[in-house]
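Below are two complexes that have subunit A in common, paired first with subunit B and then with subunit C.
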Partner chain A sequence: MGKKHQTPLLDELKKGKWISFVREIERAAEKSERTEDLLGQVEESYRDKVNHWKHGGMAGVKGYGAGMVGRFSEFPEKYPGIKECHSMRIIPSAGFFYNSDFLRKLADISEKHAGGLLNFHGATGNIQILGMSQAEAEDAFQAIAELGFDLGGSGSDLRTPSCCAGQARCEFANYDTMKICHDLTEEYQDELHRPAFNYKFKFKFSGCANDCVASAARSDLAFIGTWKDKIKINQGEVKNYVQKFNVQKYVLDKCPTKCMWFEGDNLVIDDENCVKCMHCINEMPKALRAGDEKGASILIGAKAPLVTGPRMGMMLVPFYDINEDAKNDYEQLKALISNMWEFWDEFGVSRERIGELIGRVGLNTFLEGIGLEPMPEMVEHPRSNPFIKFTEEGEE
Partner chain B sequence: MAEEVKKKRLTDVGPHDYNEYLSPMIKKNYGKWAYHEILDTATMVHVSENGDKLYTVRMGSPRLVSGSFVRDICDVADKYCGGFLRFTTRNNVEFLIEDEKNVEPLKKDLEKLGYNPGGIGNIVANIVHTQGWVHCHTSASDASGVVKSVMDELYEYFVEDKLPSKVRIAFACCLNMCGSVSSSDIAIVGTHKKPPRIDAERLRNLCEIPSTIAACPTNSIRPDTVDGKPGVKVNEETCVFCGSCYTVCPAMPIANAENDGLSIWVGGKVSNARTKPTFSKLAIPFIPNDPPRWPGVVEAVKTILNAYKKGAEPGERVGEWIERIGWSRFFKVTGFPFTKYHIDDFRLGETTMNYSAHTRL
Partner chain C sequence: MTDETKKKVEDKIVGLVKEYAGKKRFKPIDIVKEMEKEFASEGLTKDDIKGALKEIMDDEKLVYGYAGGSFLTLPENK
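This part shows the complex of A and B:
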């Protein structure tokens, strides 16, 4: 069977050592004929140097306002197979752990009900099935639900939370990232399926300050594992590392607060001055381990550039006792989240992320609004300008 | 006569229980891992407090994969891993192996199938990226094609450990920047440089004027009367071509075949290790789209990588290296011109000036 469309430009991208997405689209087209037309349209984009999708469009399943992203071809007559080319978002298994049985069934669904193409995973962390028409959505949704999976977030809602591999496969994890990610996704399903926010809101969970899911760069509420007590030192293993590489130069001298030094052969750490950056533990994992009083820092407000510029997550709660709160069904955290969402709902405007709202009204107003006290950990340094707005209650 | 029982429609089933997908060794050692060691660029081992060893073999993926790809990795997982596998945040596949004997045969099988084991250690990590022309309506460039071109050229750095530290490259096809693009060692970002075009008639039917005006970060969209009917106008003097208005209003397309391209950003980092997380900073404001292989972009990334490899101390990320040598020297060693576009004139831009006498002459 010959190719439906000639794709000389895309064919160039089948060469080379790195795995080829063009080959993947072709393999999908072998199982799902409609995807031939995707190759045709993408080739046309390569020729014209512009995308050929219409702007947005509606797609979805009954009872949900989220979980599908509508996509329509600009040339439906020329490429009927992708006239509708929607994607369906599926909440991943926490930590992206799967087994072959589930993945095979999902591959079958993607070929039966869509274009046979998937993303593992989208930028937020959903599994995505690409190339679905509205008429197929309900059957695909039911087939996915029968596997025990549900649709993810999209639009102005709680986006699908995501987390690192955590305690399942990492010694650095200071809390059970997968459990809280799963539990909060379950808890806030309604917010996820039925958009009612000003704009998107993201939770991400990283077990330590290495932040493998980039929580503080791209989630409105980032949970970064940390600890309160002393780093545990195995002096014997420290000595082994000293034999292997220049520990002074590559570990101690790189400590951001210079809180560690050698006394004789023994490593000493001034734990009160440690900022839990993870560098020394990363470099000498056999010798150093985080303390036992574990929890998470909560950072707020990270987002990409649109509309008022990118923001990094900023410290909101220096130490959240996640393990204790988990015993009470996250009562404390849920109260904090509820206060935040109420404040955002009341004072935020359309398409304003919570970080942008804080930037607009000021951190003090936000803290008062959600009932948190100011703390020095929240700032890089105190103000250096004298324009202080004194208030009656501030003088009490 | 039995009545047909209508199957109950499933809804709100919620997230799947991940415990079903944890291998017996992972279940046993959950929260009890003691340390890990990197064995080569494709392999690491996690050792638990009781001595159990879990091997991980990582391989790259193009993120956009076929059902056949999924079946391939499932076959490998069934053969060597009891069917258990996972994905990483950067779209790699990880095979979780309990029996050390299976590590090398698994890697050989992957290579036989044409896949790319690698991506661990001081390497160029798999490039996280967006949908591009393959599936996005706001894209200023393709994503997968640029990524493929860059990774083909840098392939040796995915499979060999020979950089001062890890280098994370990310790609976004517009300023929406899906993914953590703006905090990467090297970021490639789809960029427009012409203002949106206004289709007044479609705008009246499709767009809400106040939200269209509110979408603009520079207040460049104003209400206007077009043919006696309500509409908007764009102040092209102040427009920064971000495309935010098109996101909310389909009648303001900004994609422009002749004027869209890519910008290159450097020195961002997500991890808190040593230094605080930082955004990537502008290296090259614009490189025109040049499909199918984007040679200008590939060359720019290689130039940065080579300068970094030559100049950085072991353990320094790209941003830490630049911080140490200074931005003036970064532009000198890469040969990239410093232009007016590198000076930040957006909100908070004035906080980025050099308020000191420190200078490298």
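This part shows the complex of A and C:
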């Protein structure tokens, strides 16, 4: 079969030894005329240096306000196959574990109802079937539901929660990321499927400060595994590492709070000043282990750029005892989340993320609003404004 | 919430979206706040109103649209 559209610019992107997205789209296009049209439009985008998609509009399945992301071609007559080219988002299993049978069936659904292209995974963590039309959405949704999966979040709702592989695959995980991710996904089904917020809201769960799901940068509420007690040291293994590489240079000197040093041959850690960044544990995993009193720090307000630029999460709860709260069906956490959403509902404006709201009204107001006491760990950096007015009581 | 009150809330929500069709896009949260005020005397909670909204969407009297943020709108065939 000859090429429907000439794509000299895209052909450049097939050169080289690495996997090319163009080659993958071409493979899908061998079976799908609509995906051939996709190649034609993407070629035009490279030529014109702008993309030719129209965003938003009406795309969805009955009863749900989320799960489909509308994309319409700017040139529907030239590329009829992608007149509608929506993405269908599917909630992944916690930790992204799938069996091969599911993947085969999902591929079949994608070929039958869309252009045979899948995205593993989107930025939020969803599986995405690309290139679906509204007419096929309902049947595709039913087929996905028969596999035991459901649609994910989109629009102004709770986006699909995501987590790292946690205790299933990683020795550094300080809590069961997959359990809490699964439990909260089940708990907040309405918030996921029916957009009712001012804008999107994301949960991400990382088992340790390595933060493999980038929760500190990409989620409105980030759960990062940590511990309260002392780092466990195996001095014998420390000595082995000293034989292998320059521990002073690559571990101690890179400690952000300089809380480690050698006394003779023994490594000493001032745990009071340790910020649990994981660097030393990553470098010497046989010698150092996290303590036993494990839980998570909760950070709030991160987001990628859009309205007011990127923000990193700020500390909200320095130590949350997940394991204890899980015994009570996350009673404490759910109360905290409910208070935050109430405050955001009440005072947030359209398309304002919760971190932007906190930036606008101030952390003090937000904490008062949600009934949380201020703590020193919430201070992001020392005050830079020297003009401080004190009241008679000595308070600012 | 009685069935009668629920019907009143549903009619009010659909009526509001119809009345402002093409003029204003209502976010679901705007509707919830509006109905909380409207039915304050009947003691309706936010959850009651969200429940009514859920039934409206299930019955496809209204659908969700998206333009930067989600909003409620009439189905295309209405």
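As a working rule, the second predicted complex is superposed on the first by the 378 of 396 C-alpha atoms of A that agree within 3 Å, B and C clash if a C-alpha of one lies under 4 Å from a C-alpha of the other, contacts with A are read in each partner's own complex, and residues count from 1 in each chain.
The rule is simple: a residue touches a chain if its C-beta (ideal position, glycine included) is under 8 Å from a C-beta of that chain, and two chains touch if they have at least 3 such contacts.
Because the structure is predicted, anything quoted here is derived from the model rather than measured.
Undergrad: Using the superposition on chain A described above, determine whether A:Asp108 touches subunit B (first), subunit C (second), both, or neither.
TA: After superposing on A, A:Asp108 lies in contact with subunit B but is clear of subunit C.
Undergrad: If you stack the two complexes on chain A, which partner ends up touching A:Gly155: first (subunit B), second (subunit C), both, or neither?
TA: second
Undergrad: Scan A:Ala28 for contacts with subunit B and subunit C and give back first, second, both or neither.
TA: It touches subunit B, and subunit C stays clear.
Undergrad: Touching A:Phe197 in the superposition: subunit B (first), subunit C (second), both, neither?
TA: Only subunit C is touched by A:Phe197; subunit B is not.
Undergrad: Which of the two partners, first being subunit B and second being subunit C, lies in contact with A:Gly63: first, second, both, or neither?
TA: both
Undergrad: Looking at the overlay, what does A:Asn273 touch: subunit B (first), subunit C (second), both, or neither?
TA: A:Asn273 contacts neither subunit B nor subunit C.
Undergrad: Who touches more of subunit A, subunit B or subunit C?
TA: B
Undergrad: Considering only the touch criterion stated at the top, classify A:Ser350 as touching first (subunit B), second (subunit C), both, or neither.
TA: Touch partners of A:Ser350: subunit B and subunit C.
Undergrad: Return the residues of subunit A at which the contacts from subunit B and from subunit C coincide.
TA: Dual-contact residues (subunit A): 56, 63-64, 190, 350-351.
Undergrad: Going by the contact rule set out above, which residues of subunit C touch subunit A in the complex?
TA: Residues of subunit C touching subunit A: 27-29, 32-33, 50, 53-54, 57-58, 60, 63-70, 73, 76.
Undergrad: How about subunit A: which of its residues touch subunit C in the complex?
TA: These residues of subunit A touch subunit C: 56-58, 60, 62-66, 70, 154-157, 190, 194-199, 345, 350-351.
Undergrad: In the complex of these two chains, what residues of subunit A are touching subunit B?
TA: It comes out as residues 9-10, 12-13, 15-22, 24-25, 27-28, 30-32, 38, 42, 45-46, 48-56, 63-64, 71, 85, 87, 91, 93-104, 106-108, 110-111, 116-125, 130, 142, 145-150, 162, 164-165, 167-171, 173, 176, 178, 182, 185-186, 189-190, 193, 209-214, 216-218, 224, 250, 254-256, 275-279, 282-283, 285-286, 289, 304-310, 312, 349-351.
Undergrad: So in the complex, which bits of subunit B are touching subunit A?
TA: Checking each residue of subunit B against subunit A gives 9-18, 20-22, 26, 30-31, 33-36, 46, 54, 56, 60-71, 73-75, 77-78, 83-89, 91, 93, 96, 114-116, 128, 130, 132-139, 142, 144-145, 148-149, 151-152, 155, 158, 175-183, 211, 214-217, 242, 244, 246-248, 250, 253, 255-258, 260, 270-275, 277-279, 289, 291-293, 314-315, 346-348.
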